[in-house]
């Protein structure tokens, strides 16, 4: 059974049909790419998957469980985490605290235990610190653990966002244009990081990307979205050579 | 090793804050016994404690939660009146002042916190300035309601009215406890400077420990980016409400201190209206948004400033206003910040002291 | 008959609120700031008129014009000295607190010049009262002038915003400062113009308010200022027709609340209705609810 199964997904904004009859099947452990021209509805698909928007119709099955109608926080608890096109970090928090915020639902102690510094506070904070530092060292961010997130260079901010998403221990990781604004070297490093995340955490990853080098370099399967509909899907190399796809990107 | 250092850093910073408060307390005690503090200033000490607690608690809403509240005095008002009502009713029942005061504190904080929840549930759905307006409206409503409330007690029990004290229909043995615009007279004067300082320390303990805990992190995450906080599974409504109601409850504590220092407690625009809310907000912004220590210092300086300027009589509030504007421009204007940074090499030492 | 009389009183008071709220809403729309000193400009405007008439012996019409000019200049000065340096400050709270400082300043300047005592303000309106229905209903000259002024101002302002180049510049700046600048719009000048218009309106509102409710002290402007701010929020802050509707609505609610429920509770009723409206329409009656894009 596929980890993520999307059937007949659709949503309209006013008169605009943003996503129509969209379907998607992602096997566990797959590195899946969602590509398409600007305005094709890719981020809208992400927003539907994470409960930011509620679809007009269709179902979304994560591990066989329908998550349509659930709130964003519920969906995160069910197992989908994401990053954002325009980076959304907790800027005034330290790098480590950003990750610890991601661990919020996995290491619990009550507010009163926190205020009165009861033993459970020290125990859980210690565990969180260790877990956060472990994750940060995977992404080579452990040196900056005490830096404010806002003061990180751009490339590292993208990495931190991925780290924070992983901290919520998801089954499926959604990356929205992870290479946006990066130079070729940073992109290359990012490709390695993404592949590394998949292998180390045995993660299933769905990503939106414009950088064709990155897409052809790491994605195993692709879906091309055009005007809110799936134009073509399949193995990455086949899709990228499909004449319909080339037409959608380059025009007639 | 690194981690230990980090924990020590926040603990150390918290300890310094407590130490500053204790040192200031000791200094005032020494000066008082040396007779160096005028009776006028002495009269200001207890209200000052209340103001500091209000400023610290408002900073929890404004600085940590990142929402603007213009009705903080409303929560203070709730705390003041419920606790004064309680203390006056139980003055004979609980003769031990300390015990009575402790209950008064709990009741004042609980009532104000409850109002915080009631206001927060609908209001926290609103964004930015709209939340500010609803809190402002709440503060004005509370003030208004208190002014038309008459409660009396006689051998048959409590009597309520919203008209006047006569329509309470009290028996000859009865007494009016809450007398509308005349407020509550004869609340036991249980608040002392020492008690005030202890409560400041308790407030600091609660706020600082909350900030550096799992819940505090969630609250600040919501402040920095609500959408991202939701995406990692943080319950935005719950933590917003938590921060807001804790802030309100602590404002209630400020109200309890304030009320138990007055012979007559009345709700006037000056003490519980929007002017008070604004004054506390000024403490918070001038002291640095999110900077708890700054709130304390700003509350002290701005409360004492008009008194120190008293010699200038009519001009003092004018000077206060000018100083306020000048300080805001100096602290926040991008040009002034740039100028300061350019000269910071020269004044580095001086600047560190300020920080 | 008393119902209609209350209604007219309410619309008249509401017209004053609407004129003040227009100033609030224009400034908010363009500078995204709550100008808490706006109410105090009203008070200054009223004092200028009073001083010009009883001190310098000027005719009422000239005094009102003088007051408008004074407040207009005051508005520009406040904006350029106290607000403009903070336009791009890190926190929007900075300029809010500065506005509070300006409010204290104006109150205390008035206190020094005119004293703390409440003085009685002689109405500048010479329009006679109208008696209808065989004397059962009397409409004061002040009410007539206030309502007519409000309608005229409302129409003039709408035309100005939609038809003139400066008006278009205002809309452009309120939409996007950076883009407006790139299109060659003088952003600072446009903001100053907005403050000038808002303050001139405040002067008019001050005269009308004090003509209907003839008492004046340095704190006269504070409460109407807050209420007008509430009115602007009622209607949807940033929206000019919203400020008009909000102002009228608020005036009517206040007078009806005073007349039919309880005169001490009138303010609580006004604020209570505000809360209810915001819960149903979180951006006010005519406001746009903008969702953050993810």
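Each chain gets a letter, A, B and C, in the order it is written, and its residues are counted from 1.
Quick note on the criterion: a contact is a pair of C-beta atoms (placed from the backbone, for glycine too) under 8 Å apart; a residue touches a chain by one contact, two chains touch by 3 or more.
None of the values given here were measured: they were computed from a predicted structure.
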{"item": "Arrangement of touching chains [line / ring / star / complete / other]", "value": "complete"}
{"item": "Chain whose Cα mean lies nearest the overall Cα mean", "value": "B"}
{"item": "Chain whose Cα centroid lies at the greatest distance from that of chain C", "value": "A"}
{"item": "A-C against B-C, pair bridged by the larger set of C-beta contacts", "value": "B-C"}
{"item": "Between chain B and chain A, distance of the C-alpha-averaged centres to the nearest whole Å", "value": "42"}
{"item": "Mean-CA-position distance for chain C and chain A (Å)", "value": "49"}
{"item": "Chain centre separation (chain B, chain C; CA means) in Å", "value": "31"}
{"item": "Where chain A touches two or more other chains, by residue", "value": "52, 84"}
{"item": "Per-residue overlap in chain C, given as positions that touch at least 2 other chains", "value": "294"}
{"item": "Contacts with 2+ other chains: residues of chain B", "value": "227"}
{"item": "Chain B partner contacts - residues on chain A that touch it in the complex", "value": "50, 52, 71-73, 76-77, 81-82, 84, 88-93, 96-98, 100-102, 104-105, 107-109, 111, 114-117, 121, 124-126, 128-130, 133, 145-146, 164-165, 167-168"}
{"item": "Chain C-facing residues of chain B, complex", "value": "62, 68, 122-123, 125-127, 129-130, 132-134, 136-138, 140-141, 144-145, 147-148, 162, 227, 274, 278, 281-282, 285-286, 289, 314-315, 317-318, 320-322, 324-325, 328-329, 331-336"}
{"item": "Of all residues in chain A, those that touch chain C in their complex", "value": "43, 47, 52, 84"}
{"item": "Chain A contact footprint on chain B (complex, rising order)", "value": "2-3, 6-7, 205-206, 209-210, 213-218, 220-221, 223-225, 227-236, 242, 290"}
{"item": "Residues of chain C defined as touching chain A within the complex", "value": "294"}
